[in-house]
Every structure is written in C-alpha cells, then in structure tokens.
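For reference, the structure discussed in these notes is given below.
Naming follows writing order (A, B, C and D), and every chain is counted from residue 1.
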Amino acid sequence: MNEPFYSVKNLTKVFGGGQEQVVAVKDVSFDVTPGEIIAIVGESGSGKSTLARMLLKLSQPTAGTIMMDGEDVTKLKRPNQLKPYWRDVQGVFQNPAGSFNQFYSVRTVLEKTFNLHEHRLSKAEKLERIHKALNLVGLDPQQTLERGSHELSGGQRQRVIIARALLVDPRLLIADESTSALDASLRVTILNVLKDLSQRLNLSVLFITHDIGQAYYLADRVFVMYRGEMVEQGPTETVLQFPQHDYTKRLLADVPRLEGWTASPGDLSIEELAKALT
Amino acid sequence: MSTFQKYLLQKSFWFLGAFLVALSLNFFLPRLIPGNPVDAIISQMTQEGRADSASLQKIYETYMAEFGLDKSPAEQFVNYLGKVVRGDLGTSFARYPAPVESIIADALPWTIALQLPAILLGWTLGNVFGAIAAYKGGWFDRGGFVASLVASSIPYYCFAILLLYGVAVKLDWLPARGAYSFGMYPAWSWAFFNDVMDHYWLPFFSLVIVFIGGQAIGMRSMAIYELGADYVDYSHGLGIPDNRIVRYIFRNAMLPQVTGLALSIGSLVGGALITEAVFSYPGIGTALFTAIRQNDYPVIQGITLMIMVAVLLANFMVDILYGVIDPRIRAAQSGQ
Amino acid sequence: MKADNISVQYETRVGTPVLAVNDVSFHLEHGEVLGIAGESGCGKSTLAAALSGNSASNMRITGGTVSLDDTTTIDIVKTQGIPRDWRGSTISLLPQRALNALNPTARIGDYAYDVIRAHEKRMNRREAMEKTGERLEQLGLPTRVLKSYPHQLSGGMRQRVVTVISTLLDPDILIADEPTSALDVSSQKALVLMLQKMMNEGMLSRAIFITHDLALLSNIATRISIMYAGEIVEENTTNEIIHNAQHPYTRALLAATLEPDPSIRNITIKGLSGQSPDMQTPPSGCRFHPRCPYAMPVCAQKVPGATPLGSGFARCWLLDGTTEIPDPIKHEEVVAS
Amino acid sequence: MSGIPVTMDSPPPPAAKQSAQSRVRSFTRMLSTRFYVSATMVAMILFFAFLGPFFWGVGEPKQIVGGLYEAPSRELILGTDNFGRDVFTQLMHGTRSSLVIGVVAGLIATTIGVVMGLTAGYFGGVIDEMLMGITNVVITIPSIVVLILLSIAVGTKSIVTMAIIIGVTSWPWTARAVRAQSSSVRNREHVDLARLSGASTVSLMFWEVLPYMLSYIFMAFVLQLTSGILQEAALSMLGLGPSNAVSLGIMLHWSLLWESVRTGAWWAFIPPTVMLTLIAFSLFLLQSSLDEVFNPRLRGR
C-alpha cells in the first residue's frame, strides 16, 4: 500500500457565534494515499460541502490542520501562497451550469487555470495540454474549444470542468456532488471518467455524495458523515456490508432499491418514521 | 432580552445614527455658504437699499448672535442641538421677527390636508389596478401598463402646470391660485368650505393621478413576480378560485408596497413641494419656494429639518410595521 | 381513468414551438399507481401540468381527451387543462417543489380551509379545521402545524403537509410530480410509506407518480411508463419493467440505477452518450435513435409502432420480429478485467 | 488499463450551436416595438439638443431678441419669454443642459453605487454591514432635502456642479440592488473555480462577478439618468438651478416667477413641460423594454 501524502486532523468549522453558533464540521480526521478513490457520504446538512470548501482552501477552518506532504497548509490564505497547493489539489462542483461563466468560451475557462503554473507556458504548450486534458475526459477538442456554456450539455460541461482541473496535473481531486445535477444515464459516464482518470493518472479522488449507490460503484474507501461528524470510515465493502453506526444502518435501510427496501432490524413503521423525522 | 427587543434596539441605534447625520447636514451645509449666511443676507439688503447702515449693523448683530456665528463651530453645534430639542428653529430673515416654528405651523396643515388624502387614494387605486393588470394580462394589462407608464413618467410638476393651464386658465372651471379666494377669511362656514374645496380639486388630482401611475407600475411588477411563485401554481392545481389566488398574490406583493405607502406619508411634507408652488397653495412647498427666493436661511433650514425628521420617523415605523405584517420577517424578529 | 392522445407544446417567441409531449395515452384503474419515469426534459412534468390544469402562460395543449370511468369525457384542448371544479377534488396535484408550494403568508390551517371551501361550500371554518386535524393525526403528523406558517416547518414536514393538503378531499386521482427529488432518502421513504398508507385506507384510490428515480418508483408503482423525448417508449407492470425490459432506453436507465449492492463493484456500466434531443426539431423516426446503441437505418426513417408485450407495450424496431433481439437486461454492463 | 469506460461525446445537434451572428439576430428579434419606439424618441431628442442649435438657433440662449412674451411668429416659432429671449433657442440649449446633467449625474451615481454594492456583496460580513449601514443612512435621509441644502451651500453652480451634487446623493438604491446581485453571483461555482485557479480578489470581482450584472447596471444607469434630469428640473424650479446656463427646470422657474401660466403665455411653459415629459417617458419606456429582454419573466406580456 502507498504512503498517505495528504492528511487532515481534527478539522472543525464553526459558523456564527454566541447562541446562534453552528458546528458544521467537527473533529474530522483522515488520510489520503495516491490513486485511491474515497467517497464521503452524507445527507444535506451533514457538513460534507463545508468540509470540501475547507479542503480546497476556499474557507478557513476554525480548528485542526491540513497537511500536504508533511507540510502544514492550514494557515495559508493569500492566492499567491496557495498557488502551489492548488496545483496539487483541485475541485469540481455540483452544478455544471453554475460552474461555467456564461460569458466565456471553453477555451477561456480552461486557459484561466494556467495562472497557477510556475512557469510561463508557450501558446503551443498550453494548447497541447488543453487537448490532452479534453481527450482524457472524452471530449473532442476541435468541437469543444470555442463553444460557450449554453452550447454544451450538462454532462459535457462537467467534463470540461474536470478537464480544467487536470490541466495542472493535480494529485487530489475533490468532487463535491459533481454528478447529482446530472441525469442517471449521463451520471455513470462521469463516474467512469473519474474512475478511469484515477487509474491512469494515479489521481486520488475525494468524491462527496449523498448517494450510497454511487459511492459503492466508485470508491475504494467510504467515509460516512452525520451532523458534522465522521461517524464511520473504512473500505467500501466493510462499511456498506457490515455497517457499525446506527446512522449508516438507517441510511442503507432507507435507500430505495429496485427490489424494494431491504427489511432491516432498524426498519420503522410509518408512524415511528414520521416521529423520528419531526 | 428577547430577539425582538434586540431588533428594536438595533433599529433604534441605526435611526439615531441617521438622525445625527441628518442634523449635522442640516447644521453644517448652510454654514458652508461663502462668507456666512448673515453676510449674504446683509449684502442683499444693502443692495436692495432696504435699511440704513445703523439698522443694518443692528440686524447683523442680532443674526450673528442668533446663528451663534461668533462662537466656535463645536459650541455652535451644541447650541443648535439644544435649540432644536426645545423646538426653537430660529427667526425668519425675511419676515423678521416671526419665529420659524410659526411659519411652519401655518403652512403644515395645508400640506397635510392636500397630500394625505391624495396619497391614500392614489396608493389604493394604484395597487388595485396594478394587481388586476398583472393577473389578467393581455390587452387590459398592456393598455394599463402604457397608461400607467405615461402617467408616472410625466413629472408631477409638469402635470400640475398643464392642469393649471388647461383647467383653470383656459377653461376657467376652477380657481388658479391659493387655497381660498382672495378676500375670504378662514372661518367655519359653508361658504368658506366650498371655496376651499374649489381650490382643492386641481392640486389634489394632479397628485393623485401621478401617484396612481407609479404605484400601479410597482404593484404590477411585484405581482408578476409573485405570479411565477410555486404557491400560485399549486393553488390553481387544487382548484382554489381565482379571486382567492389574487388575494394571496395581492397580500404577498403588498409587503413592499406598504413600505412605499409609509415612506410616501413620511416624505409627504417634502414630496410635492413644487406642486404647491405651482398652484401657490399656502403649504410647506410654497413657504420653501418663497424662502429660497428671499435667501431666508433659517426658514429653509427649519423646513428641511422637519422633512428629515418626518421621513426618518416614517422609516422607523415601517421597519416595525413590516414585521407585524409579514410572518416570515416576524419570525426572524422573535427568533422562531 | 383514461387519457388519450395528449399533446402539449410550448410557444416560443422566436422560432418553432417546443413539442414537449407528443401523443401520450395511458389508463389508470382503481387501486393502481402508475409510475412515469424519464430524465430531465422528457416531458413528464409538462404532462403533469397539463393533467392538473396548471399551465404556464406559453403552454398550449394541442390534443387529447381525459375520461373518468367511461362516464365523462372532456376535451382538454378546449378547456386547456382539466376544469377547475375537478382540480383538487377529482384530480389533485402533489407538486415538484413542495417546499415552496404553500402560500408563505397563510397558516397551514387557513390554507387548508381555502382548499376545502373551494369545493365544499357548506363546510365552515371549524369543521374544515377539524377535518384537516383528523387527517394529520391519522398520518402521524402533529396537529399543531395547523397554526404554523410554512417557514416554521422543516423540509420533510412541509412535504408531508403538502401531501395531506393535496389529498384532503379524497381525490379520485393524485398526480405526484417528482415529490421526492429534494428530499433525503429517509424522508423519501416516509413519503412513499405515507402514500401507501393512504391507498390502503381509502383516502386515495389511484395515483400517477412521476420521477426520474426508477428504484424509488419500483417501490410504489404497480405499472411503469418510461418516457423519452415527449413519448412513452415502454409501458408494463413494474415487475416486467424491472426484470424484462425490452426498450434499449429502459435498459440503459435500469443499468444506470446504481444500487448499493456488491454486484456493481467490479463492473463498468456504460451510460448513454449525447443528450436529450432539442424538442423544437425532434429527430426523425424513433426519437431515441441518435443515442441508441442498436440503431438501424429504419430507426431514422420510420416511427416505430407499439409492440404488445403481455400486459404492456414498447416502441422499438428491434421488437417488430424481423431483427434479432440483443441479450436482455445485463447487456449494457461490461465486466472489467 | 484503459479503453472502454470513456465514451467519446458527440457534439450536440446543430440546432444548439449558434453562430455569433444568429445570436445577435435572436437578440434583436427579442426587442419589442416598445424598444424601437423609445430608441427613436431618444435619438430624436439627442439630435434636437445637440445638433438643433446649429440649424435653428437664434443667437445665444440669453440674447434678447424681442419684447416680453411675444407670441410665436414665423421668425420666432415659439415666441419670447419674460425677458424677450427666444424660447425655441432656449429649449434646445435647455434640453442639452438637462441631458448633460442627467448623464453626468447618472454616471456618478451608478459608479458609486456599483463600487459600493459590488464590494459589499462580494465580501459580505463586516465590510458588507459597514457599507450597507452607510447606504441605509443615506437612503433614509430624503435626497431632495440634501439636494436643497447642498445647492444652498455651494451657491453659484455650473451645470457640472449641479450634476455632481445630484450624483453623489442618488447612488444608494443602485448600491442596494447591485449588492443583492453580487452576493448571489458571488455564490456561483465558477467564482470558486476561478479562485482555485489562483485569481486575485479584484480580478474575481471584475471578471467573474461584474459581467453578470452589466445588463442590470446599464438599466440602473438609464434610471439614474432619468431621475437625475427630473431632480435637476425640480431643484431648478425651486430656484436652486445652475446659475450660468439655461435648463428646462430654469425655464419653468421663470414661468412660475413671472406668471406665464396665469397670463396665458403658453409658449413659455408648454415647450419645456412637454420636453421633460418626452424625455422621461422615452427613457422609462427604453428601460422597461430592456428589462423585458434581460428579465425573461416579463417576456410576452
């Protein structure tokens, strides 16, 4: 097994102060090794997106540390300090339409990323990298480059956004609900792209989702988040076949399946369910 | 302390701040006049030869003392604050020795009597038209919209001038100036009342019509926005009758309009200064028009201060009222 | 209940209209839940809007009739949707964005009263409140929500309250348009169980349940229609659709339904390439042919007819008997090395 | 291993691909008759104000060319005013002054409003609270009063001074609206992605947030311009107008002072009244037709 290169310790985020204080993420710790796909599973409000924003250095943790190659990056704040970090850690978000500035073409969107590079690249080098990245996500560069956001489908937009991240050869890709705005038939193609990239480029992927099925399909390890805390983590098979925490059990019992809900000991009648939810 | 009290306190704090800013503006801006206001009025009097130099000197000293211009600015400001609190707004230049308060007190009832009914009527009719136009759509809406646009884009003073010329001068249907006929004296009699009403209609309608247009346009766009809301679709789907749904829309679109009403009432005093000037209606507007022409700074300052206070108070009440009407906001206030 | 040949289009200010629903027919027996599944832009919500009398200003119903138990038939072109006195009491809607479906400035109880009064003129306020309260209790919801404003309720609660209001008048047919898409799995389950309870206790006799989530649908529907590009491409009993789907699109949808099951760990599922067609200029022939892995020349030329399949049908040239049918269901899955 | 999983995505059907030309075409098709009517009116007013004096001017605006309140004649088509000056010449110059004041005041107000609103909305938190606090204080103090006080304080004013006075008092509504927009655009994901590309805060605000508000800002500018013209007219009518130029408001001030309405000299006050109305109407109409294009909800009504 590879050595972990990225590690998070006791990461905590608190919003507001006084009586209205909300602990969005509480004491979350984990490691990431090269080339693995980790799924972070949780419902809306579980703090998984807040976690993603902290990991991407888009928001500052209240407590805890983020270490990259043994170096503490928690305190870095200014864009210039963070450039090296963002060369290693990149993100893809939920809404493919919102991820696109509708005033720019695919080319412009992609070229903005070269701002991160240490050395100035020549035009030809840039173009070569762009072609390579678009090919990796299964898009035809010739057909795609000059298009605007409104000329692409949701799946194509999301692929462009993944290609954007690939331009800097990142080691860790954080995908925050990146497939949930897509139709099921397109969703699997994006999951396949992520799987393929991880294997081909030895890229680690932190895949944040509310959908256990996708986690099962994609991930090597699964982390379960509930109310800001990481309640369970381990290899996908172990976590999903032998869940330990009550929340994981309930989640698995409530996922709709083609063959009907699996009856589990924790299954509730409608009255109990309604009561539990109010 | 409850959340509502906290909210109240916070609002009071803001309005106190705004009030201080208003007071300072009112105090300092006239003092920026090149030289000082007293120099300006004295030199005007000299030019017009209204008084000999001995009495000029006396007038000069009186005003200097009154304005407190012989003291330091900080002292002047404190002095000014003290006077304002006591309701002392100074003495008029042009109508010496009439106190400014009495000039305002004479004019204010006319302004309120003219504008309050105009605002209430215009606001009500405008909102009803706007909501119906938005809900009905089609030709009614388009025609109504253009009409409201025309009505609201005619500057109210232009409309007033046209009315005055057309109805009073050309057709000679209604009197052209003042609040009552020359030679009449205010009394509780039918004759006087009728005379006042004759003088009232023209300025009144000039305000009402413009006001209807503006309100209708605002209400229409608010209501169109509400029409797209999910609850409208859902209510349709449940077979709730149209007039009920219009009532929902009306109520929800109303909230911002209520602010508009209260603000209009607040700015009533300053709102249609020029309408009064056009019709020579003896309210605040005409008083201000005259004061500006005569460089009567104490009167100008008194009127502007009164307008500011009225608007600030109205704003403050709107903020509280708004919470009472909209349960969403009320909930936020009481912390539910 | 029968709905025949329903067509709906959206007028656009520029160019040709968008043909959102094209010649859709279905029937719905007592005690049945018909599921309509399809992806975004397939016209399923437009169909719901047309049936529930909820038309957007630029929507035109260009064809179709709706009949109830063979007694009344209405031409919904003339009325542009079902008549007002049917809405809520005969055919009721459970809307897509239930979270915003309630009037924000009305208490739940007052709104429920408005709904009841729209159909039962004689009921007074107190009776309406009692009726609503009873219904809430029956479904395990607290009666205090009667006095609440919508914003005071949690998301899942609001969804259930809307469900109660939609079924308050024991409608003959409930049209549920993606009622679960904004909910987490536990609330989804609670809602489905609640609808089942209503069916069992006779508050509801039949329903149309529209969703993009086949797995969820299989838990409530007795029959399932699959829509693509404004048309029903396959319809059958739930069991047949899940285990013996015939249309390539249905199969692709089923394959893309990722269930938390060990069997999906070591396979790679192929999705569909391309995107839903532009409905201003839908593809010729079978509308699915540009994305279909089995497309043949005939698919682009002629519209496939409905091939009967036991208790259902599918529209696909593969099924007309002249072509060999590819392996069933697992076909799209390729086992990785 | 590689191969199978990634399917090459074919480009969308030709209908979705739009050339720049066809995009312009569909944009112009969305413009309504309302737009063309208002744009033509605005163009005619501009021509009248800026080029008119070269064709139809009779001397300088303040030049006395006849007796008091001479009725319109062949030479002086709108007659003379209370000082015996040519009303038509004054009308052209007055329209020009009003437009210049409107544009300059509109530019000032829009610029301040956009800078305040963009900054407050983008940063949020304490900066937002501070800037919006200032804005709310300025909003609650009635602008007509501040305008009156400022006009008195400044004393003699040029057209530009006038415009500045109006501009610095009328930005708060724009600031509020721009703030609401910028704080919502700021939460769009492309802004975060651009940040992940190492973009600086200023460039994020300028390149990622601002473009989304341009159409809106333009409309706000048209409104500010209109209200600037109307405020100038109101101030001038009260007798606080620019001292070295003719404006439509000043023409009305004279007719109020010299009783041209009651003496029936309609040529002295009808032209500026009608001109102000035309300007306001055409600009409101322009604004509402643009609103319709940018704001799909209003379309087709």
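The rule is simple: contacts are C-beta pairs under 8 Å (C-beta built on N, C-alpha and C of every residue); 3 or more make two chains touch, one makes a residue touch a chain.
Quantities reported herein were computed from a predicted structural model and do not represent experimental measurements.
Engineer: For subunit D, which other chain has the most distant CA centre?
Structural biologist: For subunit D, the chain whose C-alpha mean is farthest off is C.
Engineer: Identify the chain pair with more contacting C-beta pairs: A-D or A-C.
Structural biologist: A-C
Engineer: Measure off the straight-line distance from the CA centroid of subunit A to the CA centroid of subunit D, and report it in whole Å.
Structural biologist: Using C-alpha averages as centres, the distance is 46 Å.
Engineer: How many Å are there between the centre of subunit C and the centre of subunit D, using C-alpha atoms for each centre?
Structural biologist: 49
Engineer: In whole angstrom, what separates the CA-based centres of subunit A and subunit C?
Structural biologist: 31
Engineer: Measuring from the mean C-alpha position of subunit A to the mean C-alpha position of subunit B, what distance in angstrom results?
Structural biologist: Subunit A and subunit B have C-alpha centres separated by 56 Å.
Engineer: Mind pulling the subunit B residues that touch 2 or more other chains?
Structural biologist: 137
Engineer: So which bits of subunit D are touching at least two other chains?
Structural biologist: Counting only residues that touch two or more other chains, subunit D contributes 1, 5, 7-9, 12, 16.
Engineer: Where in subunit C do residues touch two or more of the other chains?
Structural biologist: Residues 57, 268, 270-271, 273-275 of subunit C each touch two or more of the other chains.
Engineer: Provide the residue numbers of subunit B that touch subunit D in the complex, in ascending order.
Structural biologist: 14-15, 17-18, 21-22, 25-26, 29-34, 137, 141-142, 149-150, 152-155, 157-158, 161-162, 164-165, 169-170, 176-177, 221, 224-225, 228, 267, 270, 273-274, 277-278, 288-289, 292-293, 297, 300, 304, 307-308, 311-312, 315
Engineer: Mind pulling up the subunit C residues that touch subunit A in the complex?
Structural biologist: 39-40, 139-142, 154, 156-157, 160, 184-190, 192-194, 197, 212-216, 218-219, 242, 252-262, 264-265, 268-276
Engineer: Which of the residues in subunit A come into contact with subunit C in the complex?
Structural biologist: Result: residues 43-44, 153-156, 183-189, 192, 195, 210-217, 236-237, 240-241, 250-252, 254-261, 270-271, 273-278 of subunit A touch subunit C.
Engineer: Using the touch definition from the top, list the residues of subunit A that touch subunit D in their complex.
Structural biologist: 53, 56, 58, 79-80, 82-83, 86, 90-91, 93-95, 98-103, 109, 112-113, 115-116, 136-140, 143-144, 147, 150-153, 155-156, 159, 161, 164, 189, 192-193, 195-196, 199-200
Engineer: Mind listing the subunit D positions that touch subunit B in their complex?
Structural biologist: Going through subunit D, the ones touching subunit B are 133, 136-137, 140-142, 144-146, 148-150, 152-155, 230, 233-234, 237-240, 252, 255-257, 261-262, 264, 266, 269-270, 273-274, 276-277, 280-281, 283-285, 288, 297-298, 301.
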